[in-house]
Amino acid sequence: MIKVGILGSTGYAGAELTRLLASHPEVEIEFLDSRSYEDKEYLSIYPNLNKFLSQKCVRVDVESDNYLKSIDIMFCALPHGLSQRAVHRGLSLDIGVVDLSADFRLTDPQTYEEWYKTPHQGVEDLKKAVYGLCEIYRDKIKGSQLVANPGCYPTSIILALYPLLKENLVDLGTIIIDSKSGVSGAGRNLSDIALYGQCNENVRAYGIGSHRHTPEIEQEISFASNQQVTVQFTPHLIPMTRGILSTIYFKNRKHVSEVELEEIYAGYYGKEYFIRSLERGSLPQTKSVSGSNFCEIGFKVDERTGHIVLVSAIDNLIKGAAGQAVQNMNIMMGYEESLGLKQTPIWP
Amino acid sequence: MIKVGILGSTGYAGAELTRLLASHPEVEIEFLDSRSYEDKEYLSIYPNLNKFLSQKCVRVDVESDNYLKSIDIMFCALPHGLSQRAVHRGLSLDIGVVDLSADFRLTDPQTYEEWYKTPHQGVEDLKKAVYGLCEIYRDKIKGSQLVANPGCYPTSIILALYPLLKENLVDLGTIIIDSKSGVSGAGRNLSDIALYGQCNENVRAYGIGSHRHTPEIEQEISFASNQQVTVQFTPHLIPMTRGILSTIYFKNRKHVSEVELEEIYAGYYGKEYFIRSLERGSLPQTKSVSGSNFCEIGFKVDERTGHIVLVSAIDNLIKGAAGQAVQNMNIMMGYEESLGLKQTPIWP
Amino acid sequence: MIKVGILGSTGYAGAELTRLLASHPEVEIEFLDSRSYEDKEYLSIYPNLNKFLSQKCVRVDVESDNYLKSIDIMFCALPHGLSQRAVHRGLSLDIGVVDLSADFRLTDPQTYEEWYKTPHQGVEDLKKAVYGLCEIYRDKIKGSQLVANPGCYPTSIILALYPLLKENLVDLGTIIIDSKSGVSGAGRNLSDIALYGQCNENVRAYGIGSHRHTPEIEQEISFASNQQVTVQFTPHLIPMTRGILSTIYFKNRKHVSEVELEEIYAGYYGKEYFIRSLERGSLPQTKSVSGSNFCEIGFKVDERTGHIVLVSAIDNLIKGAAGQAVQNMNIMMGYEESLGLKQTPIWP
Amino acid sequence: MIKVGILGSTGYAGAELTRLLASHPEVEIEFLDSRSYEDKEYLSIYPNLNKFLSQKCVRVDVESDNYLKSIDIMFCALPHGLSQRAVHRGLSLDIGVVDLSADFRLTDPQTYEEWYKTPHQGVEDLKKAVYGLCEIYRDKIKGSQLVANPGCYPTSIILALYPLLKENLVDLGTIIIDSKSGVSGAGRNLSDIALYGQCNENVRAYGIGSHRHTPEIEQEISFASNQQVTVQFTPHLIPMTRGILSTIYFKNRKHVSEVELEEIYAGYYGKEYFIRSLERGSLPQTKSVSGSNFCEIGFKVDERTGHIVLVSAIDNLIKGAAGQAVQNMNIMMGYEESLGLKQTPIWP
């Protein structure tokens, strides 16, 4: 039994973390930090957790407070920019840190500054960070004190591409990624864009060529392929609450067949509990993974065009955020990786 | 470890049963019966269960087949009318039966015939049936071989009303019930009414004064109040997948206060895991119980009008169908009542 | 051709007014007032109106500015409380005023103060106001300078009840009203309650016994029945953008039949373009009126219970707000009542 | 005033056609054909049209019946394959025909057979057909007796690409098209795929590389560019009723800038009422055109990647089907092109 604290527990990622950890058999939640709801009953904000916890939100001052001293793992679900001080404090106290913000995902502080328009304040800490895409960096995560939990879009994209990159099957100059996300990805912040009246019966693209998950995707594709790769990435907002579907296009460099793809995915992911690589002919749907930590991956080889088209689906708040964070904690602590994460996806 | 079989496993109630049972620690699923998908992989219909089971649908002939002989509990999720033969066969084989249809809920076969327009074919079996509203009939369920799993609307309504009926606080001639249901209540049958284009951005009332859950509601209200009671019940279909919210109106017979109501509910349900009776001032929402077996109950005493207004919320496919069926099985088998049913509601 | 101005043009009611007026053949929009978007292009907020107008939002100071002097009709879509000064200024300039707020709907300023918790600042102006339920108060509206546009819930409720009240068929002590509204009724304000993640896949009751449309409903029922009437009114928020469905219950005072009801509605509304009173056996759906100024009314006589159940449907932003406001303007100006309001409802 | 008949009037495209034509100032609807609802009141299926028409559905036998003889224009909204006989009969009676099926869109009957797996039965008639993309083929449509109304996806895609193809700015070997459609595109047929429970909170890709709109898109791109072009086209189903958003990717062949793109679109479409080419920096949303015949087009030049990304939005049932069919009729009859089609898009 370990003790954990959650910074930023009332945003949607923080709330999902709280929901998952409240049922985790090896975890005790020490505090639920919130700026917006200090001193409020957590259940007054998230009544779904009635019977699972009964705590008030507290406002943690990371520097002066003793809150952090009493815990084994700190989850940091603060907006990016705010994470750096909190993470630094956590590291200095020698506790494990899983950071859900973007602040420790990019290994190069220059790239961070370029895309986030502000210099990185924790360059030394950054060196200690491991990118927490569990299926790929499991070994590094095991020994790490600071895990940078991947973004939702990058998780859905890199897991699908990784085996084909390693096998050198991707024409790297041709990658185009078109992602569709539910509205919860925009968080619980009050923003015109997240109002029901603006989102329902509507679909739109945003941040074409400029979304901040782009350098994260490119970094990991570049690592996997040992080359500097640029991709075209376009996220879309669609009228549903949860889920990301990514459709990934590229030239089939070696004219690989669907049978071969099936084998490659089986080789890489056959033993991965949280990855479902589908048989040829089947394609992922977000409903198939909704409410779970699974990532579903399908493919189509198009002989007419010479492309491979990959499709992947995740629940953006679970495998794309809180679930993967718990998976990272499990790895860090030496627990069974799926502990507390075996929820069955809900259909319909 | 017991063996169970599911008749009608590919409708939405059957599928939810399959989903829940696939993760139940004491259950092994022996067969998944389906008329529509005989011989098809279950995962081709419900891909969400990938990694949880890998069976083909079979078509069970209840009279001649040996399927039923190998199981301890038979779940019957067939359309009403079709249950009676299957249940009879199950009883004669001495296995436990949980029937999710309406066929064994009404104790009076006359009432059945009146509302279902067909004579009941299993009047003898009917005498053995216990109405499976767990929190109220727990003791009878324990020793029973045949449990009639309650309808979704009645579950949401009777649980809310029961304590106030027992305490004689309800002016029985004034009960009006207005329920709002998600579309999954209409099942997976191909019907114009359940098409996305017809349901989305639409709300409508249906079966005013004639919905077949009416006699079931009236039967249980009459039992609880020791009087023959008639109610006005109107269900509505609203554009969401899961959930029922019932709003229940009646005259406050004894001018009870909200403080007193809080105490009464605490007295009846304080120890019930699956019932959340809310404090005064809080009201249920379906999202608060979505994906779980909880029933949430709130109330408002309106001094201006002399009414009490109750509001209750359930997930129609779980507490309103499959979850309660598993809860009934747990009681029948002497398991902890919440075994396999501790899913945390999902928000957002 | 007349000139109109809209105060509060960027809320959802104001925007719908702008949309309708932009296509009205006898109207020229002089100004679009907005506090939040002063000096912004209106199309940057409502891109749907591209090709229909091209104006910037202005911020009108009702007292000092000349904006009001140049117009014939002022539409006031400000939050209640803010209307009173604007309306006063409009009246003193001798222009016609249609006020969409609640400020001039209640004839008794005491009742206003009781429900809105603030004294009414324009008691003299209040005497000039006509309640703008067009089908009922048409004659008064014709000669009026100030029309108080009805609330969305009251419109759906009073139109359904009115003929039966006039015919003395309603047992007045038994009226219970259960309304279901789309989320646009909450406006475009940034509020946690209107976020997609909070509303989608969710239904909840709110303001039981305390919603501010209650006195408005009671006032009009009392006028129509010549008695002081109290009603139980409960609004619900359901996951759709537009539409209100109201289900209205009461005792059938004179045991009237469905055939008779059909005739009564035909008598009252047979010549009303915007009212569709359905034949017995048919019930309204919000989709049937979505995008239009129609109000659809259906009924059920329940012999078992002695109740009549009425169901009515409107588009909350059109007949429940902006459409009725335009209808009021048409009446005030002597135009054909349906001018600019003949949009066909959209299905699916 | 002309007389029209609609074959297949109760599918979603046929119903939208009926809705639009019922308010068209120059049109009288002679008959509404339906196989599924023969002899039923049209309003019992589409109650939204109450007060707009009052006809029964008839079943038209195109060969023997006299129905076709009494009309000026026949709209054919039958499933593909069934259109050919009806169109042939219409042509032989010398009436104008607008065919909404896919049967007369592909100029090459070989291509038709290849993608539709059945030989074309009306090769002679095919030669008379004009592809009814109004903004591009207006002159040919004017003199034509048979117009093949374009598919929904192709309309959204070709209108966006056309000016850049004509200006030779597209690297033709690199075109990737990712479209997102509302569920009404699947029609009103009873199909598991269109059930609310399957579509809501779900997104999926379908028909990757094999959707039948692919050859239609390629044909028109090839015509516009004078080369045989192959494209990668992937449609997706998202949880909304109406709307298509297409995101189109290709290499920027001549390093054109956003300023230049703005000018090019203004040049091609500046005078087109139904096309809104957005300024740089703005992107289309489906809500912006919902309920209207508009096509909204935006673009992004990505300097990092060398791509141009186009985004276009239409209401799939209007500009993508029925609205364009009426626009085609207007052109054929010499009416103002926007007659009966000036509906303002609805927001929210």
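Residue numbering begins at 1 within each chain, and the chains themselves are lettered A, B, C and D in the order written.
We adopt the following convention: contacts are C-beta pairs under 8 Å (C-beta built on N, C-alpha and C of every residue); 3 or more make two chains touch, one makes a residue touch a chain.
As the structure is a computational prediction, the values presented were derived from the model and not from experiment.
Trainee: Comparing residue numbers, which of A-C, A-D or A-B shares more than half of the contact pairs of B-C?
Mentor: Matching pair: A-D.
Trainee: Does B-D or C-D have the larger number of C-beta pairs in contact?
Mentor: Of B-D and C-D, it is C-D that has more C-beta pairs in contact.
Trainee: Hey, how far is the Cα centre of chain B from the one of chain D, in Å?
Mentor: From the centre of chain B to the centre of chain D is 45 Å.
Trainee: Could you please state the distance in Å, as a whole number, between where the Cα atoms of chain A are centred and where those of chain D are centred?
Mentor: Measuring from centre to centre gives 39 Å for this pair.
Trainee: Just the number, please: Cα centre separation of chain C and chain D in whole Å.
Mentor: A distance of 36 Å separates the two centres.
Trainee: For chain D, jot down the residues that touch at least 2 other chains.
Mentor: Counting only residues that touch two or more other chains, chain D contributes 12, 184, 188, 197, 200-201, 239-242, 285, 287, 290, 348.
Trainee: Applying the document's contact rule, which stretches of chain B touch chain C when the two form their complex?
Mentor: 174, 176, 178, 180, 182, 197-198, 200-206, 208-209, 230-232, 234, 236, 238-243, 245, 247, 249, 283-287, 290, 300, 302, 304-305, 307, 309, 311, 348
Trainee: Could you list, by residue number, the parts of chain A that touch chain C in their complex?
Mentor: Touching chain C: residues 12, 183-184, 188, 190-192, 194-197, 199-201, 239-241 of chain A.
Trainee: Contact residues on chain B for chain A in the complex?
Mentor: It is residues 12, 15, 19-20, 22-23, 46-52, 184, 188, 201, 241-242, 273, 276, 282, 285, 287-292, 294, 296, 342-348 of chain B that touch chain A.
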